[in-house]
């Protein structure tokens, strides 16, 4: 097991290398000139040259890449063309916010999605199954900006229960930075006011963001559960008097979990990426907006940095997913 | 000693077909899904008959009209009839979304089962490549691919298909890992059946279920993604009546002109729902056990 | 203790309705060991599954009543039947290979069931689990407890399944071909174990098998099924040594007697009828060596022959 | 008669953590062409493992297995000389059948390992019909799926599948344990006929001694991964040499045996004191101090060997 | 906090000391020597002072740090005498050295702003409070450029923050070091930027704290405005403006702006037919200007008259303006032999209304038989395509950086800029070039105005641009806010120091 983990971590380097290389190649394919974006509309050729030189864009692509990788090894992700600040600094500001949102959304999706999927499977083709289907499909097929806006309109505009935007009230000082997660940090520092405020701020976007993943998890759990419910051993367990949650979880869910975990792992990446729209709608100060702006601006250092971050996160999560296969099905050989 | 064949031995019936029908009929929800999708498709095909408007005709005087008899779903910011645009858009959006996912799911299933079945170096190579693809934020990758392939609607579709492949690879592979150890696969191995046939005949049909579930859920996402690419100039160009684009432009008007984003959303929801119902049905049909 | 009355079970399939059980009547008294024998597909397993309410969704219990100590099992609510399964009536399934949770260690599976029925602590359950494994003659119980089913031999799995069913121990044990995968020595031990359970704890046993040898060894009474019907029943020795139904006779003749390896075994000619289109008359008519005209048109009912020995055949009634 | 299978000091050990399970330990045996070798033994004694090594499902951890003189395993890689030559019927029919294939597809599946011509020829519908009728299935079953059958019917499907390639050597792992007596009779008859017709060789794994007696020309008795006795069926049944064989024979429940005959069972379990004691020491009713050292395989007559001091 | 009562967050904004502005996006760098993004200027402008300032709502300048100034005969030397009581936030004096430092720094950094000042050849410190600029050539708009954001005087102490020879760029990207009434107090990225009063500033503001809050979504801004959580909402699109008018607590400011919306007609590199001025005229005749304004901006815009917008000197109210005339357009096209014309219209999502605009143009031109294909691309891509001339028609907006018609006339029509910003129409006319050169180097405003009028007549006739409209500045502002004066040169910039709140 440890050997496998170690091997996979080595491969992580390979993945990051590949990801950056591809990004780099792509950055040269996508039409657009970052220098011109930076120098502004009215810059003349000289200024452009100067900016290019400054950004190192005048060098051959391979040299640029080599420079980038060299920087990467020392933890230097370069300087953003758009914000003129080190990309790492920018990402460290935005990443925790996105991560906090994604993790919470993720938890919501799992906590609701798995039981809902089990229920739908057990009650196949009953009212409850259909209700869960409608609920989850509306989750996946209503775009986040639509549902997000509606939620803001209802819970902020009409009812006024939740704030519309931001991570915490402007008047409240954010908790001291430990994890970068406001919810955790405020609890750690015992600042209940901050906790309450950040909870109220995160709840709507997290729910909206979780909605689509919830659908996927629910449907996948349902499908795999249905397969398990038909298995002989499940019937044996019932005949032996096993029933209730233990039956559903240990005998059912456990064996239905492999495809579910797989989509969960994949969807966590999607959550990080999908946070973009949610963040825009809810004015959530996360990476999503930063990246979208960077894309529009062709801010490659920022895009690369983001990609590196996400890919490391992604690979780590899916490493856990892959390892979980061995636990979930001991017959699978490492 | 040879056993005597029964005199009244029944003629081999074309059971397969009847089994299919039986299952579909029994699965009322699948029928519901098929009917919904069928109606949408028919409406799209007969759009010119069903609506007097041209989907791209601008009628500035009638912009932002609410739903009425003359404009069932109202009009948009330049006075185009939303109902008409939804019908015409169905051809584009549904078609592209479904095809993109079919491609992605198909390729993903093949690669995933191969990767899972062979394991070892092949598996590592495939999965790390997939990790790379997946690790990219979908949008960046789709954008880059669409840009590299050249902006056209087909290429946008291909880009989305490519971006979506890894999900299916992972799903198919995870199922394969378990199936590979099952006795019926092992017995096929003992016959000396070649790996590719084992994958095709034994692994794929048995690992297709999560792929179908994911696929039918993904179509809606693909439609929205096509719209996003459209914004970056990489997909369908305006004024193509594409659902995703209608939604993404229209959502800003939700509070003032609710009908604008809502009806396209509704159709996306209906199609996604219908596809999902059909997907469940297909899964059932493919699974002989569920016919009992 | 258990009485099955007029049981009819059909399966709805797209090909039509399968009449899997037709007019089944039998009972099991306290402390009794009853055997059901019959060809493959004769409805033995379905009978067992019906008792525990574990039929597939497409099954339709057309009529009948199964009373267990006064309760009609078929009318019980889900909650009520749950308290009966495993604790009062337990079942050993036919196919040991797939009857175990594939990804849970066998010890864990067993201790869970023990905990459910005996209300003991985790530690105690573990101890009892090891005892139970030992009871079914598993060598190195500590080691095997930590193995997954796929790491065990067929016979070992079957013994685990048996241990599971006997965990409570139940009042009635339904054992559906529990020893098919066992070698004779172990089979012998398992049969001893069941006998012991029957004698010491008073557990009644419904023993489904097609191994007539086993039946002769353990069962007080034997029921012979054919095509979803009971065609003969009575004291084991009566049924086996003085079989009345031609089908029963044929079954006995089909056994290799261990004497002459050069003479082909006497298999029963023909096939079990298609349960979707039952013949109008006796279901065995087409294979029967003593077939008469009436057999083809009139189905014989199960009728008393002599001291508790019932037969469904026109022949025996002259 | 030439040996079709030769096993030389073959062992298969499973290790899990510190424990090692010797599923098969230093087994040397050969199966002659046209033989039916019965393999009996306690459950878990390694019978199926024996089969798995031959069919390529598990590599041996030691020793060499030769099929028609050529090694079957080369460095954990199974060498298949000619597909369809070696076939198996598994103990567990349920999980050995692909749930998503119809019976017809399942049965003809092994043909896909053959050359196209050969397949075309064996795949013919008549051929198929004949085959399924021989194993007691009906034509209408062909389009059904495995779950629609009873346990016995499934095993017949598995047998039909093994027969379709017209193999020369079949491993039958408890092929009839799931069958009712009537079908068992049909199947055994069938197997026997086929053997005569085609000169097949069987490895017949079973625990039903009367079936073994009926089917086999030679019998090997396995105990805890070791062959404790091997000999022709006649000799072994009439003159068992190893105490375990005796117990096996006597515990046979049969309608025809005298039920009153006292069964000589296992002895109370006794822990062996040394590392090298006889493997049966623990349960042997005739153990003595001599058994503290392990006995060697000795000849007890023509082609009859046993591992016992007595 | 049940039942729709105001959040604790708006207690702050309810206070007279706090103003909250909702803006749609976060800002990039705040370094005046780097940023070319005028939405960032709303933060930097109040944090810095310039030698001269725009005067109220007019495009003329008034004294700022400089109390007076003069220009040499040849127009090449500008001398400024500074006020002696302006102080940076750290208390140090704003003097001639600081002025010289600022401009030297900008030129050395060499980004977009340097381009504006590229005419400067040398800056001299004549005494502590007198500074003079030597220009390479006569450049009359020079004074005006000093009032723009890049003219903000930076505290030379920024060099204390220099890293790797970046002249403090990194520091100034997220900090301010000026003498304006405000300084940057806090910047929570992605959430808000907070300005607070600069204690050392000469002009002390009435509102001590200003929050620029990032609220990406217009609908949300609207709800926040209605609830009084914000005072100014920048991001409400004109389609939703109607609903703002019904809010009791909000007033809608509407002023003509200098933001001009037009179509580049690629006169050299696009479709060959476009090289014929008749075709270009036909296009200009093909647009329904009135309805365009209605559809695209709900009427919140003014039709153009010539390229120089109303509100900037040099504007000619008499200039010819095309009107919709389908017949004429068709006739012109057939004269030019350009029937069945198909043109590619390039635009991006840079401006929210462009999509509608493009659709309308497409529909309009269809009437005159010109088939328009829409080509919507990412902003950066559109920039590159424009640079390369890879389009037939392209949407553009333009607003002046300094208050001089030079910003329009010279940028757009001078072939010096052929294919560069402004002249993306790839327009070239030697006569025009000559006149523009003359206008750019004369120091006589009347003469310049006349010259520009002449040029306008020619370029309107030649029609390399379809001049669509001059967008109105529309801003919903809470009624509690007073003293806001809109200066068309300072689009999106607030005169915070003069504003108050009840």
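Should a chain be cited, it is by its letter among A, B, C, D and E, assigned in written order, with residues numbered from 1 in that chain.
One rule holds in what follows: a contact is a pair of C-beta atoms (placed from the backbone, for glycine too) under 8 Å apart; a residue touches a chain by one contact, two chains touch by 3 or more.
By chain, with names taken from UniProt: A = Peptide ABC transporter permease; B = D-ala-D-ala transporter subunit; C, D = ABC transporter ATP-binding protein.
None of these values were measured; they are calculated from a predicted model.
Asker: Would you mind checking which chain's C-alpha centre is most distant from the centre of chain C?
Answerer: E
Asker: Once you count every C-beta pair in contact for both, which comes out on top, B-E or B-D?
Answerer: Per the contact counts, B-D leads.
Asker: In whole angstrom, what separates the CA-based centres of chain C and chain E?
Answerer: Once rounded, the distance between the two centres reads 89 Å.
Asker: Distance between chain A and chain B based on Cα centroids, please, to the nearest Å.
Answerer: 23
Asker: Taking each chain's centre as its mean C-alpha position, how far apart are chain A and chain D in Å?
Answerer: Distance between chain centres, rounded to whole Å: 54 Å.
Asker: On a C-alpha centroid basis, what's the spacing between chain A and chain E, in Å?
Answerer: Centres of chain A and chain E (C-alpha means) sit 37 Å apart.
Asker: Could you say which residues in chain A touch two or more other chains, in rising order?
Answerer: Each of 30-31, 149, 153, 232, 295, 329, 331 in chain A touches at least two other chains.
Asker: Specify, in ascending order, the residues of chain C that touch 2 or more different other chains.
Answerer: 13, 95, 97-98, 150, 264, 267, 271, 274
Asker: Please list all residues of chain E that touch 2 or more other chains.
Answerer: 217, 219, 349, 377-378, 381
Asker: Which residues of chain A touch chain E in their complex?
Answerer: 30-34, 36-44, 47, 50-51, 54, 82-86, 90, 93-94, 97, 149, 152-153, 156-161, 163-167, 169-172, 174, 197, 280-281, 283-286, 289-290, 293, 295-298
Asker: Give every residue of chain B touching chain E within the complex, in rising order.
Answerer: 57-58, 60, 63-64, 77-78, 143, 151, 230-234, 237-239, 249, 252-257
Asker: How about chain A: which of its residues touch chain B in the complex?
Answerer: These residues of chain A touch chain B: 11, 14-15, 18-19, 22-23, 26, 29-31, 125, 130, 133-134, 137-138, 140-143, 145-146, 149-150, 153, 212, 215-216, 219-220, 222-224, 226-227, 230, 258-259, 261-263, 265-266, 269-270, 272-273, 276, 291, 295, 303, 306-307, 310-311, 314-315, 318, 325, 329, 331-333.
Asker: Using the touch definition from the top, list the residues of chain E that touch chain A in their complex.
Answerer: 2-5, 7-9, 11-12, 25-26, 28-29, 31, 34, 36-37, 110-112, 114-116, 118, 169-170, 173-174, 188-192, 194, 211, 213-217, 219-220, 223-224, 227, 229, 349, 377-381, 383-385, 387, 401, 411, 420-422
Asker: Sort out for me which residues of chain B touch chain D in the complex.
Answerer: Result: residues 1-3, 5-6, 9-13, 15-16, 182-194, 197, 201-202, 205-206, 286-289, 291-292 of chain B touch chain D.
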